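Both complexes shown next keep subunit A, but they swap its partner, so subunit B is in the first and subunit C is in the second.
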Partner chain A sequence: MKKFFISLTAPALAFVFAIAVTWILLIATGHNPVSTFKSMGSYGIKPDSLTLTVNLAVTYYLSAIAVAIGFRMNLFNIGVDGQYRLAALVAAAVGGVLHLPPVIDVALIILTAVVVGAIWGSIAAVLKTRRGVSEVISTIMLNYIATGVIAFLLTPSLLAVAVAGSSNIGTRPIPANGQVPGFKLLAGASEQVYGMIGLAVIVGFGYWYLLNRTRFGFDLRASGLSATAAVASGVDAKKMVFRTMMLSGAVAGLVGIPTLLGISYSYSLDFPTGLGFTGVAIALLGRNSPIGVAFGALLWAFLDSSRQILDLTGVSKEIVTVMQGVAVLAVVVAYEVVRRYRVVQQQREVGKHLGSEHAPVEAAVQS
Partner chain B sequence: MDSAKASAVELRGITKTFPGVVANRDVQILVRPATVHAIVGENGAGKSTLMKILYGMQEPDEGTISIEGTPATLRSPADAIARGIGMVHQHFQLADNFTVIENIILGSEPTKGGRIDFAEARARISDLGQRYGLDVDPDARVEDLGVGDRQRVEILKVLYRGARILILDEPTAVLVPHEVDELFSALRELKAQGLTVLFISHKLDEVLSVADDITVMRQGTTVASVVPHEVTARQLAELMVGSELPSPQTSESTVTDIEVLKVTDLTLTGADGRQLLASVSFVIHRGEVLGIAGVEGNGQAELVETIMGMRTPSGGRIMLNAEDITPWSTRRRREAGVGFIPEDRIRQGLLLEAPIWENRMLGHQTEEPNVKGFRIDRAGARADTERIVREYDVRTPGIDVMASALSGGNQQKLIVGREMSGEPVLLIAAHPTRGVDVGAQAAIWDQLRVARAKGLAVLLISADLDELIGLSDSLQVLLRGQLIATADPATVTPEQLGSAMTGVKVAS
Partner chain C sequence: MHRALKMAAVMAAGALALAGCSSSSTPATSTSPSASPSSAIKVGMAYDIGGRGDKSFNDMAAAGLDKAAQQFGIQTKELQAVAGETDQQKAARLDLLASNGYNPVIAVGFAYAGAVKTEAAKFPAVNFAIIDDSSNAAPNVANLIFSANESSYLMGVLAATATKTGTVGFIGGVNVPLLQSFQAGFDQGVKDTKPSVKVIDKYLTQPPDFGGFNDPAKGKITAQGMFDAGADIVYAAAGGSGGGVFTAAKAAGKLAIGVDSDQYLSADPAVQSVILSSALKRVDTAVFNMIQASVNGAPLVGVTLFDLKNNGVGAAESNAAYAPYKSAVDAAAQNIIAGTITVKNAL
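Presenting the complex of A and B:
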């Protein structure tokens, strides 16, 4: 219980600090912080805003878990962005031509996204294990390459068709069998929550189970805690990098699925971008824990949806981006402070506990 | 020597406790000015802790420190430096890509108009060098210097800050014999100039040749003060070890003729093309302990890591129970019953920020009782961790504390317990009792003996020659990656083994 309380302190402090910085910034730019936050708050809790929050949080969560898988073994998969966009495009294109029974259709679309994401993610793994290229660099590069590949594929001569009633182009729309209906979560909301919210829950549970209950998860965590000790324990470092990047990419492939199967049914030029980077921030915010990341994703999504009101109040929406950025920076610092505190605290507790016994030196003399 | 005024350093009743361990207990030391005062004791006798207290790195729980007759409270090394105490660490703390002069002045640079006054620094350094016979090229880069030169830089660094009392922590551990001679003549020079030197060592011959006074430490406390011409090395050793202490003597031989590990012509080439291991061949039988003696850094770590499958040999063969395991992965070797006590437990043996019970799984995360199929068997792993904690006397309030919360000795006991679980056929033990207290050391020795009697084959690497001689059934000497000599542990003395380690031929 005490442990739980301590682990909540860091994000809470970081968030308070972020609000404080935002507060000062608002005053400095001649705005009223109280009314700004008030209007954001009252707009944010409207049923439709909350529905949007949940929907955003679902995609954010998937993205953050994809990043967190890498983080747990000190692999920085900055390439979730490219992985999910490419995966969503290919999955959308496949979905557009499939005409299968409902469940199988959806399963096949999801499988396509997972495979594409895993393949794209494994490119960085091959570069790292064979050529020693840092995955930070290669995944960032691969994001740009993904953008280029998507631009190449999303043309009328290949995968794209004109979107009816606009100058936009996108993949052939996924027919009804491949769509996943949403549902109304809140009374009074006109919008629906993605049916794929279940996918996020399954991924979250799977992530927890894999890491804490399986051999593979132990190898992964051991590699993250001490690469040298992991190697000495028999972990094949190269294989581990490969598998982890594949897994991270596979989950990244899911990021676009709720949007694709829940609302857009097609990958068009206005398909959401940048979710991979949001995932990095949220993974940090939630400290790679399945529950922490869920809270982080909801918070982030709440800020994103409630800031829509700022257009009407004359305050720049970017103030929320500042707040999110400060929160992430502060939380990283706060977690480190709390972590060190806990290490020292535990050493002290062990010392206190053992102080009541005979010290080992004395025991040795008696024997 | 009678009045406190006459002493350079006086420590009275110093006691220091760490979580679970009394590191120093009622320590009494009186150091006369302008002498070389040696503090001797086994590994883990509390010498380093005591020196850290004197250098302000740790505060004592009880006791008083007087420096040149006046009481001192040392809260940080800065306090100690202000009182004229300087420390030369065992592991050099130099910036490799800086020159000698830059390293010496680092942190106390003389300035002139806001810029570093190199002329002034150079003058002072060359003056110090001449006065104490410590010659180093002030413009050489430290990375180009040998060990002996680096040590002189460290000493100059301390003198530059105005130290009158120098603490040298195991200064000869890294030196070759002629460098030791040079160091000793420098120490005599320092003494002649009125400086006081505290010299920490466990090499008795050196201590007897250079020290004016000797204080012996055992189990965290000072047990005797002697002068060199009144004691022999043997008497000193007895004082250090204490007659009631256990010795690592093995009883009758349990060696069989069944080969467990057979290493043939093992060769390992480093990334820079250097030969790290050259045609190493040996056999360990069931129930046999093979000891490898050698000065650290002569290929021990490489040998161990190659046998564990963490490095790929460039030639040769490793056979385990008549099976060629050379191409096997580390995991497969471990699953085949190879236990591993690594030299550096923090780097290779533990996950510091994971609970003890997860550390019990490390290296055995594919074996019973830790897993069932692909799943972790939490209950099994936890129960077995409880067993190890009990049987190996790991002092901890529970199995959910992080490994970082344990003292070094208890971490080591956990590792030994873990590696002895599941009836290994071969144990690779690098410094199995390093940093553990005397009681735990005896317990680990007992465990090794019992396992050996049951047929365990052990490859033992240790810097403790008594441990090597006492536990081993046969001994080999490793020098520059080659096995250059064999010795019979029944007849060889630590002195003979010590000289064999430096390449001197020994009759055996």
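Presenting the complex of A and C:
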């Protein structure tokens, strides 16, 4: 129980620290921190803002889980960004031409996204296992290549269609059978929560099950804790890298799905970008745990949706970006501090035990 | 694991820093200072990425807003976008303005098309305006669009007439259909005037990387390449990246053409002389007209096209070096207005 509280102190400390830094920054820029946080809070808990928070959190969560899968094995999939964008584009294009019964249609679109994400993710895996290229470098580069490939594919002669009167271009809109209706989570909300929120729950549960209840998960965690020990106990390191990157890419492929099937129905020039990097930050914030990441995603999304109000009150919105950045750094630092505290505690415990064992001996000698 | 964490932290910080860069912000509030006849309406404006201070598209919109604020004594509120938003986030921004009594609400940039559609349906009593998009025919939406291909055609005529080397360049900020219409007009203008002149066409970035609208370094290097390849006039339809093109032109002793506003007037005095002209796109006029109509109680709805005919687009004439070519450009403009020349709108 004590251990549980200690593990909670780290993120709590980090969050308090982030608020403190933001507080100072607000004062330094001549704003009132109390009223600023108050206005964010009261705007943030409006039904529509909360709906937006949940929707953002769904995509953030998927992205963070994709990153976390790699993190657990010390693999850095910085390429989630490229993987989900490319996957969303191809899935949108496929969805645009499909005319199948509703459930099958949606399943096929999701499958396409998963496969494309996995393939794009496995390129980095091949490079790493065959050629020893660091996945950090290759996945970052693959993001740029994905951007190029998308630009090439998203032209009217290939996957895109021009919309009359619009300066935007996108894939053919996914017909009703491929759309996933949302629902109203809160009374008084005019916006709907993505139906694909279920996908995030399934992925989260799957991630937990895979890590803790399967041999693959055990191998993955073992490789992450000590690659050499894992190899010594019979884990095929190359195979693990390959499978993990592919799995990470597959989950990354899902990142764009809630937006695609829930609201945009088409991959166009203004499809959200950069979610992969948000995922890296949230995976760190949530310490790669399925529940921790969920809280991280919700917190991040809450900050993102509630900061809209700041412009209206004349405070620069970027203050929230600072807060998010500080929170991530502080979490990393706080865990280190807590870890050291634990080590000291342990040493003290051990010392105490040793001390009490020695005591009788001394007593015996004295008497 | 430790090293891993540290590295990850650095990466995350880097990603955040990058995200921060793309949305540099300036104070977003302004209420009319010297209001003469105070009007009761409150105007809300939602900018695209870059916002007020981008020395380009958004700034033109801001100029229109400022002018209207001064003239009509209206209250204004300006909200900025951040990079990588969803339609819902954009809609929430418009929602904020509409629900706080701002009417009209002006959305700057085609990226707001989806958001305007949802919000216009949600607030039927509020008038919305969107710039560079005409896909939405709701009765409370004004679509403010421009024939940028026509002004670009004029720049093509200018470049073809003024070139000595027989090669000219076109630099587009981002390879999107909107910019392709600039290129189409420019290329056609060059070919119609002097078929022997060669045009080098380049875009700085590919979507979804919209950095090409605000990357002077990229603009400079690309323009340098064109000058090295023999071009002597480069048309920079690249927003904030144009500054780099002007620097390159100055260094190479060549010429450049600006875009959107009269960049001869706004550019750094050191490079001013190389800006032969600019393809004007009067976003400021569009914004002003929209507000004026609302002040007069008859808000704009439907499509309003700003073209050569109504001076919504045109050629800037403030550089004295432009004078020798004025007659050729004006003749082409007359032909376009009269309908004897039809300018292509797409490649």
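For the reader, a short list of remarks on this structure follows.
Here is the rule we use: the second predicted complex is superposed on the first by the 336 of 367 C-alpha atoms of A that agree within 3 Å, B and C clash if a C-alpha of one lies under 4 Å from a C-alpha of the other, contacts with A are read in each partner's own complex, and residues count from 1 in each chain.
Note that a contact is a pair of C-beta atoms (placed from the backbone, for glycine too) under 8 Å apart; a residue touches a chain by one contact, two chains touch by 3 or more.
Since the structure is predicted, the reported quantities are computational estimates derived from the model, not experimental observations.
Once chain A of one complex is fitted onto chain A of the other, the partner contacts of A:225 extend to both subunit B and subunit C. Contacts of A:162 after superposition: subunit C is touched, whereas subunit B is not reached. When the shared chain is aligned, no partner comes close enough to touch A:29: not subunit B, not subunit C.
In the superposition on chain A, contact of A:236 is made with subunit B only, not with subunit C. By the touch criterion defined above, A:134 lies against neither subunit B nor subunit C after alignment on the C-alpha atoms of chain A.
Which of subunit B and subunit C touches more residues of subunit A: that partner is C. Using the contact criterion defined above for the overlaid structures, shared-chain residue A:42 touches neither subunit B nor subunit C, since it reaches no partner. In the superposition on chain A, A:351 makes contact with subunit B only, not with subunit C.
Residues 225 of subunit A contact both subunit B in one complex and subunit C in the other.
Residues of subunit C that touch subunit A in their complex: 1, 4-9, 11-13, 15-20, 23-25, 27-29, 77-80, 82-89, 91-93, 95-96, 100, 110-111, 113-114, 122, 132-135, 143, 145, 175-178, 206-209, 303.
Taken in their complex, subunit A has these residues touching subunit C: 48-49, 52, 55-56, 59, 71, 74, 76, 78, 85, 136, 147-148, 150-151, 154, 162-169, 190-191, 224-225, 259, 263-264, 269-275, 277-278, 280-281, 284, 304-305, 308-309, 311-312, 314, 316-318, 321-322, 324-325, 328-329, 332, 335. Of all residues in subunit A, those touching subunit B in their complex are 212-219, 221-222, 225-226, 228-229, 231-236, 343, 346-351, 353-355, 357, 359-365, 367.
Looking at the complex, you find that subunit B touches subunit A at residues 17-22, 25, 219-220, 308, 310, 329-335, 340, 342, 347-354, 358, 361-366, 371, 374-376, 378, 395-397, 401-402, 404-406, 409, 437-440, 442.
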